[in-house]
Amino acid sequence: MREGRYSRSLRVQKLHFFVGLAISLVFTLLIAFNGFNFWTWQASVMDRLLSFAGVPHRLFISGGLTEGNIFPPLLESYVSTDPTFEIPVHYRPIPSTTVIVLLILLASSILIVNIFRIIPPPVTAVWSIISILAILTLLWQTTVSPIPAYTLHWVTIDWSCSGVINLCLITLIYVPFLFTIKGPLWVKVFWLFTAIGFSIFWNLLRMSLVTATLYYLGGLVFLLFHYVLSAFIDFVYIVAFYSLALAHLSKCEASEAMKLDV
Amino acid sequence: MGREVDRLAIFGYLALLVLFAGMIVLCFIWGVWEYKKPKDSGPLFIDLDRTTDDRSEERARRVSKATDSEPSVHMAELAKDGIKLIPFASSRKALKVELSEPIQLIAEWSEPIQWNPKKDETIRVRGDVRILKGEVISYNMIVEGNLTSQEDVTFQGGLHIKGRAIIGARNRLKKSIVCQKELVLLEDVIVHNCIDCEGTVFIKKGARVGIGAEGGGIASASTIYLEKAEGPLKIHSKEGVRIVKSLREVIPEDLKSKY
Amino acid sequence: MFESEIVLLIRLLANYILLTISAIMCLYIVRHFRFFWNRMFKEQRRCHQDLAGAYTPSVSILIPMHKEEKVAADILERFVEMDYPKYDGRYEVIAIDDGSTDATPSIVDDYASKFSFIKAIHRTENGGNGKPEALNVGLKVASNEIVLTFDADYLPPRDCVKRLVAPFADVEVGGVMGRVVPVNSPESLVTRIIDIERAGGYQINQQARYNLNLIPQFGGTVGGFRRSVLKAVGEFDETKLAEDTDLTYKLYLRGWKVAYVNAAECYEEAVLSWDMRKKQLTRWAIGHDQCLFEYFFETLRSPVLTFWQKVDGILLLGVYITPLLILIGWLTGIFTYLAGAPWWCSLFPAILFTFTYNSTGNFAVFAEAGGSLFLDQRRRSIWILPLMLINLLANVWICSRAFFQAIFLHQQRFEQVKPPIWAKTQKRGVGKDNYNKALNNFRNNNAHRWNKTERSGNGMRYYNDMKNAEIKRNHGKRG
C-alpha cells in the first residue's frame, strides 16, 4: 500500500551510498595525485582560448612542482606556481572626477531601484548588491591601493583558481543527497558525471574570460568579475544539475509505482 | 599610452563572454521551460472532501466504530463479546514480551506538596511519582520519570509520562494519558479520553476507555495486550492488538509484582 | 602598496568577520542537512494522528477578516462542511469582521443567521489595526477548550479540524500547527516559488523539527492553542508583527510544546506579485527579529528547554538574520579579496569560505525544497529549483533592510513602554492609561506594516480545475 506523503519516509539506499562514496574517494584521490597534470591540461586549453580571445600572453610550463601531491603546505602554494601565464597589464589610474561621478551614479542607482516599486525586488537586490560591491572595489582601488594589490603572478594563474575544489565538492554534496535516494544507480552516476563535466567546462571558460577581462577592461572590472564569478555563482550549476537528477529519480519512482498499481 | 587592440580579437572575447553567459542561462532553462509551459504547476492535490475515515495509508486494525449517539449499546456489545477485531490481529498465544529496560523500584515521593495547583494548571515533576490510594489529583501532570498509582485514585487532569506508568485498579482518568514507555492499566480503570503510548500497553479486564464527551481511543506504537475491555471506539496499534485470557500470560515478571 | 596600521587592522577585522560568518553559516548548513536526512529517511512522528477523529474536544475557530468579500463565503462554507461534531456548542466558528468596508459584514451575517455555530463579530470602531488585535477580540468571545485560527483565504479539507485537535490529548501540547499549501501556485512565478518554499519549510523543516523534539513553530494560521494556555501566556501580542513566533517562544519557555501535524494540510492563497511578497516578507522579518531581541537570552537561560532545543531555538530566532549575514559575508569577502590577507590567512580561504557557505550553505535550502517536492511526487516542479536563486537574492536584500527597521522599531517600542513603567512606580494609577496611549501610538505609526494582502479569490476555481483533472487521470488509469 502506498504511503501518504505526510508520513512516508524513504529507505536509505545504502549500497548506492557506498558506491557513491567510493566514486567520491577515487575522484578525490585522482585529483590529489593528478592535480598537476589536470592543471597543466587546463592551462593548455586556456592558452588556446586566450589566443582565440586575442589576449597577448605567454604560458610557462616549467614542471616546477613534482608530480605528486597537489596539496603542499599552505604557504608554499603561493610560491610554487607553474603553469604560469604572463599578461601585460596596462594600468591606467582612474581620474578622481570619474571616480566621484561613478560613486554618485552607483549610490543614486541604489536609491532609485529601492524607491521605485515598479522594479521587482530580485532586480533591486541584484543591482544593489553588485553596486555596493562595485563601490567597495572602486573606493579601495582609488583611495587605498592605487595599483593592483597582487603581483602579476597571482593575478594570472594559481591552481586554486582552477576550480578543482569544485569537483570534490560536487561529489561530496551529491553522494549523501542524491545517491541515498530511491532510484536507479545509473541515473545518479550519470547526473554526477554530467555535473562534473559541466564544472570542468565552466571553470575553463570562467578562467579564460576573467583573464581576458583583465586585459580588455582593466583592473577594476577584473577584480569585481573575478570575485563575483569565483565565489558567487558556482552553486547555480550545482543546484541546476541536482534538480534535474532529482526530477529524473522522481520520474523513475513514479513509473515503478504505476507498474505496481497495474 | 594606448594600445592597439585587434578588433577581430574582440569578437573572440565577446564570444567567450556569450558562451559563459549561455552556460549560466542554460542552468535556468529547464526552470523557465517548466514555468512557461507548466506540466506540474500545482497546486499539490488535497481532497477537500476527505475525512479521517478515508485515510488510505493507515495500517490500523479498526474496531467497529460506535456512533456518537449510541455509545451504550455498542459498549454493551463489546463488553459481552470482547473486542471485535480483524481476525489476523488477534492471538491467544502467550507471547514473550521484552521491556525496554528492567523496571526499578520506584522511590516514595517523600517531600510534601508545597503548592496548591488549581484545576487546569499543569505541573511538571522531575523524577518518579507514586500516588497513594484514594488521592484526587486535580491538575494536569507531566512526569519526567515513572508513575505508579495505587487503587482508587482520581486524575481530574491529563497525564504525560516520560517513563512507564502503572495505573492502579479502579483509577479514574478524566482526560487522557500519554506514555512514552510501557503502560499498564489494572482492573476497572476508566479513561475518559485517550491512551497514547509509544511502548507496549497492557490492559486488564474491566477497563473502559473513551467514554468522555470528547470521545477517545487507544493508540500504541508497539503492541496492545487486552483482557476483556469495553469502551474503546478506536484502537490503533503498530504491531498488533492481542487478546489474552489473562495478562499474566504475557506481562513480564518485573511488572507482575506490581499487581 | 600603501598600507597603514589602520588598513592592517581593518583587514584583520574583515577576515575575522568573514570567519565568524562562515562559522555561523556552517551551523545552519548542518541544521538544514540534519533536517533533510531526518525527514527523508527516518521514522516520522505522527503526533497522535492515530487518534484523529476519535478525540474531539470542544473547539472555537477564529477567522479574522478585513475586506475579504472575495474569499469569505468560501472559507465559511468549508467550516460549515467540516467533519466535526457540532452539537452541544462543541464547535463554534467566530468570524471577526475587522473594520471591513466591502461586502464582508453582510456575508458573515448571512452565514451567522443560517448556522447557529457561526458567530459574527463586527469591529466598526478601531478595526483594521492588525490581525493580533482582531484575534484577541475573538478570543474574548471564544468559549471552548481549543482555539484554532485560520486566515480568511484558507480552504481546509473536512478532516482538518479533527487532525489539528488530536495532539491536544497530550497535556504537554500547548499549541499545534498544520501544513500550508498554496492553492494558486499556477498564477505567477512568485506563487510558484512560494509554493516550493512552503513545501520545503513544512514538509521537511517543520516535520524534522517535530521528529527531533526541537521547536516546530506556530505559523499564525492553520493552527491553534489551548485557550487556557493562551490566556496564561498573555494572548496575542499586539505590538509584535510576528505574533505567531512570539507565542511559540512563550509556550516553549513555559514548558509547553507545539505539535506539527503534517497531515493537516490546508490551502492558502499565496501573494501574487513581488511587491506584495516584499511587504509580506518585510513584516515577517521585522516581527521575527523583534522576537530575536526579546527571547535570545531567555532561550539561552531557560531551565525547561533541553540543550538541543536551545540550540535550535537560537538558530530559529536567527533565521531572518541569515540573509543579512550572507550579504555581510559577500561584502566582507570582496573586501578581504581586495585588501589582501595577513600572513596567516591567504586569499584562498577568503574565496573558499564565501564559496563554501554560499554553495553548500545555500544548497542546503535547495536540497530541502527538492526533497519536499520529491516526497510530494511533484516531479516537474523540481525543475523550478534553480529559479529559487531569484528568491534567494530578493530575500537577502529584503531581510537585510528589515533587520535595521526592526532595530528602529524595537527602540521605538522600548521608548513607549518606558513611560508606563515609571508612571506606575509613581503610583498615580495611570500606568494602564499611559500604556494604552503608547499602544495606540504604536499602532497608528505602524499600521502600514500590517499590509492588506490582495486576494484574487480564485482558490476554489483552481481547486475545482485540479480535482477534475485528477478525476480524469484516475479514470484514465482504470480505463
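Letters are used for the chains, namely A, B and C, taken in the order the chains are written, and counting of residues starts over at 1 for each.
Quick note on the criterion: a contact is a pair of C-beta atoms (placed from the backbone, for glycine too) under 8 Å apart; a residue touches a chain by one contact, two chains touch by 3 or more.
Note that the coordinates shown come from a computational prediction; the quantities given were computed from them, not determined experimentally.
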Margin query: Comparing chain centres built from Cα atoms against the global Cα centre, which chain wins on proximity?
Written below: C
Check: Which pair, B-C or A-B, has more C-beta contacts?
Finding: B-C
Checklist line | Identity of the chain that, by mean CA position, is farthest from subunit A | finding: B
Checklist line | Chain centre separation in whole Å, for subunit C relative to subunit A (CA means) | finding: 34
Item checked: Distance from the mean Cα position of subunit C to that of subunit B, given in whole angstrom -> 26
Next item on the list: Please compute the C-alpha centroid of subunit A, do the same for subunit B, then give the distance between them in whole Å.
Entry: 48
Next item on the list: Find every residue in subunit C that makes contact with two or more other chains and list them.
Entry: 265, 376, 378-380, 383-386
Next item on the list: Would you mind listing the residues of subunit B that make contact with two or more other chains?
Entry: 27-28, 30-31
Note to self: If I count partner chains per residue in subunit A, which residues reach a count of at least 2?
What the structure shows: 4, 7-8, 236, 239-240, 243-244
Note to self: Using the touch definition from the top, list the residues of subunit A that touch subunit C in their complex.
What the structure shows: 4-12, 74-75, 77-78, 117, 120-122, 124-126, 128-129, 132-133, 136-137, 140-141, 144-147, 149-150, 154, 160, 165, 169, 173, 176-177, 180-181, 223-224, 227, 230-232, 234-236, 238-240, 242-244, 246-247, 249-251, 253-254, 258, 261
Checklist line | subunit C - residues contacting subunit B, complex | finding: 48, 50-58, 78, 81, 83, 85, 88, 90, 155-159, 162-163, 169-172, 181-186, 189, 192, 195, 199, 228, 255, 265-267, 304, 376, 378-381, 383-387, 462-463, 466-467, 470
Checklist line | Complex contact set, residues of subunit C against subunit A | finding: 1-2, 7, 33, 36-37, 39-44, 46, 49, 179, 203, 262-263, 265, 274-275, 277-278, 327, 330-331, 333-335, 337-340, 346-348, 351-352, 354-355, 358-360, 362-363, 366-367, 370-371, 373-380, 382-386, 388-391, 393-394, 396-398, 477
Notebook entry, point to check: Considering the complex alone, what residue numbers of subunit B touch subunit C?
Noted result: 27-28, 30-35, 38-54, 58, 60, 68, 120, 122, 124, 140-142, 157-160, 175-176, 178, 193-194, 196, 210, 213-217, 219, 233-234, 236
Margin query: Touching residues of subunit B toward subunit A in the complex: what are they?
Written below: 1, 3, 5-6, 8-10, 12-13, 15-17, 19-20, 23-24, 26-28, 30-31, 55-57, 59
